Amino acid sequence: MLSGDEWQIVRLSLWVSGIAVLAALPLSVALAWLLARVRFPGKAIVDGVIHLPLVLPPVVIGWLLLIAFGLNGPIGSRLHDWFGVGFVFHWTGAALAAAIMALPLMVRAIRLSIEAVDPRLEGAARTLGAGRWRTFRTVTLPLSVPGIVAALVLGFARSLGEFGATITFAGNIPGETRTLPLAIYAQLQVPGMDAAVMRLAAMSVALSLAALVASEVLTRRGAFGAGAHVL
Amino acid sequence: MLSGDEWQIVRLSLWVSGIAVLAALPLSVALAWLLARVRFPGKAIVDGVIHLPLVLPPVVIGWLLLIAFGLNGPIGSRLHDWFGVGFVFHWTGAALAAAIMALPLMVRAIRLSIEAVDPRLEGAARTLGAGRWRTFRTVTLPLSVPGIVAALVLGFARSLGEFGATITFAGNIPGETRTLPLAIYAQLQVPGMDAAVMRLAAMSVALSLAALVASEVLTRRGAFGAGAHVL
Amino acid sequence: SLQESLTEAAGAWAKAGHAMPVLSFGASSALARQIRAGAPADLFFSADEDWMDAVEQSGELRPGTRADLLGNRLALIVPAGDRRRFTLDRRLPLARLLGNGRLAMADPDAVPAGKYGKAALAALGLWPDVANRIARGESVRTALAFVERGEAPFGIVYETDAMASSSVRVAAIFPAGSHKPIRYPVALLKRSASPDAAGFRRFLASPAASAIFRRHGFGPL
Amino acid sequence: MSFDIDVRLRRRDRDIGARFRSDGGLTVVTGPSGAGKTSVLMMIAGLIHPDAGHVRIGEATLFDKAARVDVPPERRRLGYVFQDARLFPHRRVLANLLYGYRLAAPGHRWMEPDQAIDFLGLGNLLDRWPRSLSGGEAQRVAIGRALLSGPRALLMDEPLGGLDPTRRDEVMRAIERIRDELRVPILYVTHDRAEATRLATHTLTLG
Amino acid sequence: MSFDIDVRLRRRDRDIGARFRSDGGLTVVTGPSGAGKTSVLMMIAGLIHPDAGHVRIGEATLFDKAARVDVPPERRRLGYVFQDARLFPHRRVLANLLYGYRLAAPGHRWMEPDQAIDFLGLGNLLDRWPRSLSGGEAQRVAIGRALLSGPRALLMDEPLGGLDPTRRDEVMRAIERIRDELRVPILYVTHDRAEATRLATHTLTLG
């Protein structure tokens, strides 16, 4: 079916997308909560910045990442000096690009769910002795599970499909940053490689289908005995 | 500030994204409802197909669109013969590509909101004489407004940023399919055009910020007197 | 890339009293696929001979109208601050010069600039040493950006691209014999209905157009 | 008009249901918490599917497991006052009141909005959002909404819960009129003995 | 332990609030629907901010506009039984009951889970999801949850609404014990005269 190289690509894609989504999750939750429940000056700006990866072509995002997180960039140079972390030409760069591209989708999904949580339940938790933070952890967050699951699915799918920012920022290096979309793109450039393209594309689709099915199972688990008194 | 050409690009981007989102909205609502409230065999497949534009690199989606909707494609040829509609090298193609790429985000946002609608309210509407369809229109849909607004914002932003599928499917034709991302990409190909890139990117960002602010106003309008008895 | 010079050439053609041609720029692969899918195009100007061959094989070209219009050269580039010059031959210790860095170039298996680069390095016997030190870009432009930003100490791009960027410097030109000649073929498409198409194609081969291309660094054939 | 009800439902731990006939009037349904009062009303309304039995009201068969009759809730024409008010949060009070009224065939309506607004004391709440109503205010709107939908029978689940004695008395008087003058059959869940004694023409005890 | 309350709130159309002192015991709060009973309880609990006034319970000043004291709800230690049950839908009944119990300092607790489960008859509901409870069952869980949080005072908003007479009597007996033996001050909203007469040591009428 797939060649050894192709398996390596699939494994790398899974790894990069998995790390990207897990890394983006806490930030997404924090931003979603901020946007859903807090009024502060400059909120529109924060919201706008989060949406940038959607609005700008991915190549531009990759280019901005290169400027900021490259070895000579203001953030990248410090990260490199202090922690020895590099992004360009490294799988961490692919994961960073994927996380950034997935972020707006994840924030929005979680935000929708947080906004749908009945604030009266949060009030009840407060009277029972839970502070703001505990109320968030024990009431708001668990009731936002549908949004979190949706965020994981959307984010994972988006990461799996991420191409433009990754190749511009992290380059296309076999075994390091060559994820499925990069491999597919390379094959697309060669006349007559349609079969290889289709095989890799099918692999992407299979991975995301698995994630979808897993998410449906998760949501059904989290339905809190729904189905009773349904109408 | 912007040159005449650049204004034309902005206008075209707005037009293409606007049409794309409006065209995708009814389909998104229908699919979201189906996925949220109906159990049917093959649901996972429908869900999977909807996610394809996220999972596959945009260029592949553009290529698949080309195969299906090109003049020699099974759908494209018929649409051309019957209605005289062409997509390749035509703004309709850019809009179609943008709509397809926005669809998964829109469906998911609306689905999240529909799932959060209390089914007991739908039950109340039924006892008051509203059939399924009227209940959907008068109860479920208005209560899903947060998701619909989120879908419009996400979809519009995604459409504004759409590049890979568009250039592969509809080409890069000034005044016809050269939207902001394509123009930005073209400038990026030319070394030393960073200022032009920045100007166009700023335009994209401004458009999406405007959409964001409009959406916040919309949602606040639709808050049904929230704020009372808040906790 | 062809984009700027072709835009300029089209402008000159229009100034001479003709209708402005509609130009669509994209990767050769995308354009070729659009043509095969029945896109209403008149002329195909490709940076990739393989794709021109593919379109020809699928019978989309008007016989006898294919011609190689432009040539280009392959350059080894370094960041603008780097003052070194090199001679590209078998003795160049490219791998050692790279150190931990990478050699940025377009995908050597897929994109024409990368394919030429790989062939040239192989002919010079340098390829085996650097094969696993390559940073592949999606296009020449991406490779250029890596060198511009100082992420990669060396890159291989077309001379035309190197000339257009002030952040990189040409450290060496690949010897002409180290790779197949870089050619940009053009051809009329069978489907073309425009009466102007053939004229514009002739114009592109004319001295007036050649001057434009030459100014951007192309070598008209 | 009469009830002829026989509904049963298998729950995880035990069976729930009721079987009774009554020739119109107001049937008070009582029984301890969890006896199945709400479940029976929901089955009659068509919001839960009984595992067996039938629901006949007057001439109309609304459900019959054996005969495979199952009229959907919107065509049963039963005015349901839920235990919780269940107002539509996206419609103001007036729009909530008129929701069923507008859907009802004019010939089926037997109360006008003005009347309902008047005896339920909703006059100064009409342009309020449900979320801003007090418990008793919401409950009164819910009663009005059900009455205005022109139902052939009423299902009322503790409709006076949360009402103060004065309102309670007014609403009870209205219910008596609906029972006696309009002869709308009523199924009425309550735990209050005084209410039961005053309103009941029949009593059904569950559990 | 005593209440010393003075809270007021400007609403669009009129002012709402209450001002009273009582030296412990159970204060019944009555008044017509919409009088502001729930609003007063919410202000005391810290869930709505009064525009002016103060809230003192025993020695503790929980709110004082003038002195800029505003203790957050979670540190007021007030057990609130809401007019609607407000159970956490994502926790089973037992987890709902224990939510406040676990957060309370052991020294503040004055009732054990077993006791509450016993006199509220919740034994066979412990592993159920709130969504599957009947109205009365949910209400009983809500009462238990508030009692178990070890509060210094209770705010009860029609706590017996939806309970059948037998349960009602049992819960009332428990409330009497809490009032008399544990001497927890209670603010108790009800429309029921019998309930008021039986439980009240003071009465506050709003509206």
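A few points about this structure:
Note that the chains take the letters A, B, C, D and E in the order they are written out, and that residue 1 is the start of every chain.
Definition applied: a residue touches a chain if its C-beta (ideal position, glycine included) is under 8 Å from a C-beta of that chain, and two chains touch if they have at least 3 such contacts.
Treat the numbers as computed from the prediction; the structure is a model and nothing was measured.
Here the chain-to-chain distance from chain C to chain D, counted in touching steps, is 2. Taking each chain's centre as the mean of its C-alpha atoms, the one that lies farthest from the centre of chain B is E. Among the remaining chains, the Cα-based centre furthest from that of chain D is the centre of C.
One inter-chain figure worth recording: chain A and chain D are separated by 49 Å, centre to centre, where each centre is the mean of the chain's CA atoms.
Chain D and chain E, compared by their mean Cα positions, are separated by 30 Å. Centre to centre, using the average C-alpha position, chain A and chain E are separated by 44 Å. Note: centroid distance chain A to chain C, computed from Cα atoms, is 35 Å. Across the assembly, chain A contributes 63, 120, 123, 126, 163-164, 185, 188, 229-231 as residues in contact with two or more other chains. Counting partner chains per residue, chain D shows two or more touched chains at residues 47, 73, 84. Residues of chain C found to touch two or more other chains are absent.
Within the complex, the chain C residues that touch chain B are 1, 3-4, 22-26, 30-31, 33-34, 36-41, 139, 141, 144, 148, 161, 164-167. Chain C contributes residues 27-29, 32, 50-51, 53-54, 102, 104, 107, 109-111, 134-138, 142, 145-146, 149-152 to its touches with chain A in the complex.
Within the complex, the chain D residues that touch chain B are 45-47, 72-80, 82, 84, 86, 88-90, 99-100, 103-104, 128-132, 145-146, 149. Chain A contributes residues 120-121, 123-132, 134-135, 138-139, 142-143, 145, 222, 224-226, 228-229 to its touches with chain E in the complex.
Against chain C, the residues of chain B that register as touching in their complex are 59, 62-63, 66-67, 70-73, 76-77, 86, 88-89, 167-169, 171-174, 176-177, 186, 188-192.
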